[in-house]
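This structure is in structure tokens; I'll ask about it shortly.
By letter and in written order, the chains are A, B and C; residue numbering begins at 1 in each of them.
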Amino acid sequence: MSGKQSDFQAARWNEALIMELSETGARGIVPPAMDADIAAAVGDVVAALPAGARREKLPQLPEVPQHRVLRHFMRLSQMCMGFDVTTDMMGTCTMKYSPKVHEHIARSAKLADVHPLQGEQNMQGLLELMYRFNKIMCQISGMDEFTFQPASGAQGIYTNACLIRAYHESRGELAQRNEIITTSFSHPADAATPSVAGFKVITLMPGEMGYADVDALKAAISDRTAGLMLTNPEDTGQYNPHIREFVDLVHEAGGLCAYDQANGNPLLGKVRAGDTGFDMCQFNLHKTFSAPHGSLGMGCAAVGVKDFLRKFLPRPLVAEADGGGYRLDYEQGEGIDKIRAFIGNIPAVLKAYSWVMSLGAEGLRAVAETAVLNNNYMLKSMREVRGVTIPWPANNYPKLEQVRYSFEQMFKETGVTSHDVIDRMVDYGVQHCMPSHMPMLVPEPFTMEPGESLTVAEMDQMLAALKAISHEAYSDPEKAQGGPYNASTTRIDSDVPEDPDCWAFTYRAYQRKKGHWTSESRRKIERHSGGY
Amino acid sequence: MSNNKGFSHPYVPNAEPGIRQRLLKTVGVASTDDLYASVPDALQVKGLLDLPDPLPSEHDLRSHVEGIIGQNVSCRDHLNFCGAGCWQHYVPALCDEITGRGEFLTAYGGGTYSDHGKNQAMFEFQSLIGELVGMEVVGSPAYDMGAAVNSAVTMACRITGRRGVLLSGGISGDRLSQIRGFTKPVADLSSIGIDPATGLINLDDLKAKLTPEIGAVYFENPSYLGLIESRGAEIAEIVHAAGALLVVGVDPLSLGVLAAPGDYGADIVCGDIQPLGIHMYAGGGCAGFLASRDEERFVSEFPMILMSIAPGVEEGDIGFAWSTMQRTSYDKRHDSEDYAGTTQWLWGIGAAVYLSLMGPQGMDEIGRGILQRARYAAMQIAKLKGAKVPHLDGAFFKEFVVDFSASGKSVAEINAGLRAHDIFGGKDLSGEFPMLGQSALFCVTEIHAKKDIDKLVDTLAEVLS
Amino acid sequence: MAPLRLGLIINPIAGMGGAVGLKGSDTAEIIARARELGAEPQSPRRAGEALAAIYAAGLPLNVIAAAGDMGEHEAREAGFSPQVLGTELEGDTVAEDSVRAAQAMAEMPIDLILFAGGDGTARDLVRAIGGKVPVVGIPAGVKMHSAVYATSPHAAARMVLRYMRGGVAQRELEVMDIDEAAFRGGAVSAKLYGYLNVPYLPDLVQGTKAGGVSSDRVSLAGIAARIVAAMQPGQLNILGPGTTMRAVANELGIDKTLLGVDLVRDGVRLAGDAGEKIILKHLNVAETDSAAAIVVTPIGGQGHFFGRGNQQISAHVINQVGIENITVAATMEKIASLRDSLLHVDTGSQVLNRELAGWRKVITGFQTESVCRVAI
């Protein structure tokens, strides 16, 4: 099938670094004026600073007039493929429409300019919001209490690990129970955060169905098992039908079960963590619940627990106040140490709450079903794309919300890799896809999650792009390997960021090291083929 | 309720019954139930969840939600003198404008070629913070300052191969809690005594506690209670002589007038970027940063994404890419000693805008202005009967302690009195630092005009009498 | 960019047997039989594919090719003007020519040797150059038990080009030695023959994927530390072959044979490259309370932790030590490189194999394990 060449051209401003736009004396903004009376009363406060504390030279920040700062960042924003602008099916990210009305509500001074310590009576709106959303999340998940303190999914999962730790410690069993079990296709955080929390981590490799076998779990369980932390459906879009058995086995062994609901979009209104037997769970509000992803954050995790674990939640908790209204319970009790400052990422809570309120129960179920239907629509077409195979053919179940495809056949036949496809698809005006998290068990992986927001035409647009690239791979592989051609920037020397002699994370370092980039004596560095 | 009835809503176009039917037909199943074949029936919810009635109308939704948060009091309507980890500063219009840009707001994991603009903004954030703190390596934002401190001290332990961490005794209870929770498996914490006269760390105590087991020493500048440390270079020397690394936590907004820790010997610097053009959001605006010298032994321990600039293949072109991801928990998985995921990049972009607007002059002026206003407020309050400012003679930035013990009134009472006049007083420290008695931490920033400070003082006078 | 000095050795008859259902192309008889059956040389064609892709990239290269159909012809076909080593030989070439060509190349200033062939060719290179020069293998033979080959001619070309651009780290990959006679008789009996240095490009080499070089090193160190920490006083440790076990030896500060089974007690090596008899002898004189332990790592492309390269640890030995005293260690990288992350056992005893099959914990680091499927 031939593909029409895309005529998409990304904005390419070749916008200079802000530091390079600097002109001596230019002002971008003027801080509030010094009050003459105050100045007279206090004297030269800077001169009065002890010598060791005083800054001797002004920081070398750029001096740029205000409109030029605006243009700079506006142009940068134009060279960015947010969901507001184009189709984004990045696997495991659950990209969806972040309703604009939420942004407008959240901008209110009644939210944006609230101080977390200004007193409960002055934050009743905020507390009521959190209380109501707590109740909603309990209903959605089958849990009994939520905290919104963690600032991202990974931090939410870390909170789960800390809760497991606290539970066993309270029973004097932590020394013995030091193993957490997870799976290779659970999010990296399900393996990483228990390790950070001090646990030994056992990873179950997948069986021929592409998910972990019950027998594998049995081989991992012992009297040292502290808990199970996994994502289901996993990052491959496959739901492990034996999950209840998993939970029961771990419980029998005395462990706790934590459900990473990062891929919870297809389960909204359909399956609940509590019903599945889990003791705790976490949701990404900035994925499943439509809070915007924010260029990689402002993240927020909703961490929920069953009643018996409520006492371990980090403080403060939102509770009803005697005599009406709400209060913040700071009573430490057996609560784990704070995960993050203050109460949580409040704007994300507001947006998640608003989203659920707009959709209601029927709407949530429609979201889940549509995400799954859209995904299977994409899958149907992708099976016809030359060079694409679906791993684990033994698994005949429909996938849920995402699919991990493999371009291994295309690579063997043409030399074009999934990374080449990922780079080239940007030329079709769509956001690139993610290959896979580590470990990359699937060769030439490519993970797509359409979500529930897109129209059929938008899905077809993505399919057309991938078909065109496939066609190109088989007819003009060199072209397919050389993309992107119409992106905001040309291809870069990707060894530089990996080379200690060349990498530069600040303008200062860049000034100092860029001369070395063209040196013949650049060292041979270890290359890394990344996932994500 | 039949699954094939579909659902009509602006956010889920393909749930519309006709479209749903078409898709079901294409996929080749009778209903969406068939697509959930992998989920055991016993686990599936029967019927609908018990959730509040929906408000699909945007108008109704907005009324509802704004009705709830309308009960909040805003610090724009009230005078606010509370800080303690979250501070009220002026947020330039451009910061709101850019952090509101849909492209930035809704971008996520795009890479070198698809999100060039986001990457450049992040590189600029890293660069501008680097300028303030005097370091050449700055990471993408951390979850908050506490997370950055956690990463910093455990990094230092890994680098030195030691378990001991000395923390300034002046840090907040919340900060200590965060550090304690995170470092539990890998570090032994102890506290450096505070000199009550100055409110700063006691150097003799520091020296006494600097055993060969200590890998990291941490203090904040300004401290939690607002005090400015001027002995940074001396402390660095002491710490280094003992073979440990120095970690300093800063308020980046102070660094137009205060010395950069990188310049006086800090090895790792961290801080909170919320003061840099980010609204308070009741604590949701907090976001941290981590910085170090450009040495492999430090860089290899950073947990978060590091954005590196790189040359394009065409002369003069540049681009950006994530560097050395094998450092991170994404790659290390079960071998991780720290973790990072989605953090607070949007606030990093906002901070980049802020610092680009302010420039060196702006940072100098705001620093001066805050020093002045805070000192003025402290001086005036110190004149009040029943109020003492214990560190009035010292140097402080933005925040200072007021001791109300002599008044016979508790901070809670005083703050209630202030609230009756629409003023939020300082954070009650009596629980956190009982040795300070009935003390509160007052915060004065550039948004406080003289009349605001005078109003505070007058009201305090009234409340104290 | 300085031109890459690329050596080229093609075993022109590798792979001929496979196309017509014969196993291997080693002996003159097999080759004759293959030709009778209409077999065409596969190796030159696949080498040609790789060379064409390399040539098309237009990067500066000095190609040094073995003479005639051992490289020179294909290089010219692809458009190169190679420097030619040696002279063309009549008829079918034998292994000695590959060895001689490789040895000659290793004496020259050369950056990389590109070779096309099968296990036999890989073994020739081990004999000729060991780890002296890094190699990239174009898969062309029917027997592909060795881990050193790229996944396809395209992949081999990409490896060469990536290696040129800025260089990459190298890692040692296994070369297996299949007992040919036994193989033709239907049995598979493999030994670990040696290692070649291959550029580390995980997605391009047969069965290497996850992890990353530095994480691999960290894992190996962690595995070694864990295994050493678990060693009991007086305990007889039977350490299998492979680089993972070498890491254990490094942790102990002792020598270890890379390809053989060594016996260690209390941090001292009792025997190197021990055969079954020696192992049994030591097992029988062991007079401590600590049960003996077997520590092995998967060897070969099929992840055998018994039966490839360590048959000295026979079913007899295993039964005497006891299944519960077996430790299997592998980096996540190794596990991820196996098709379906599957391990295998082939102890020679079907009963024992069945007992070992199923799911097993594999040590993947100091504090980490993976549970992997073991098949017979």
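In this text, a residue touches a chain if its C-beta (ideal position, glycine included) is under 8 Å from a C-beta of that chain, and two chains touch if they have at least 3 such contacts.
Quick caveat, the model's predicted, so the values are computed rather than measured.
Colleague: Taking every chain's C-alpha mean, which one sits closest to the mean of all protein C-alpha atoms?
Modeller: The most central chain here turns out to be A.
Colleague: When B-C is set beside A-B, which has more C-beta pairs in contact?
Modeller: Looking at B-C and A-B side by side, A-B shows more C-beta contacts.
Colleague: Please report how many Å separate the Cα centroid of chain A from that of chain C, as a whole number.
Modeller: Taking the average C-alpha coordinate of chain A and of chain C, the gap between them is 39 Å.
Colleague: Would you mind pulling out the distance in Å between where the CA atoms of chain B average out and where those of chain C do?
Modeller: 51
Colleague: Compute the distance, rounded to whole Å, between the mean C-alpha positions of chain A and chain B.
Modeller: 19
Colleague: Enumerate the residues of chain B that touch no fewer than two other chains.
Modeller: Expected reply: 326, 331-335.
Colleague: Quick check: what residues of chain A touch more than one other chain, meaning two or more?
Modeller: In chain A, the residues touching two or more other chains are 195, 201, 203, 438-439, 528.
Colleague: For chain C, write out the residues touching at least two other chains, lowest number first.
Modeller: Where chain C meets two or more other chains at a single residue, that happens at 211-212, 214, 332, 364, 367-368.
Colleague: For chain A, which residues are in contact with chain C within the complex?
Modeller: Answer in residue numbers: 184, 195, 199-208, 212-213, 215-220, 411-412, 414-415, 417, 438-441, 443-444, 478, 495, 520, 522-529.
Colleague: Can you tell me which positions in chain C touch chain A when the two form their complex?
Modeller: Chain C residues touching chain A: 2, 53, 56, 151-152, 154-155, 157-158, 162, 165-169, 200-203, 209-214, 332-333, 335-336, 340-341, 358-361, 364, 367-373.
Colleague: Quick one: which bits of chain B touch chain C in the complex? Just the residue numbers, please.
Modeller: Per the stated touch rule, the residues are 326, 331-335.
Colleague: Touching residues of chain C toward chain B in the complex: what are they?
Modeller: That would be residues 211-212, 214-215, 218-219, 222, 332, 364-365, 367-368 of chain C.
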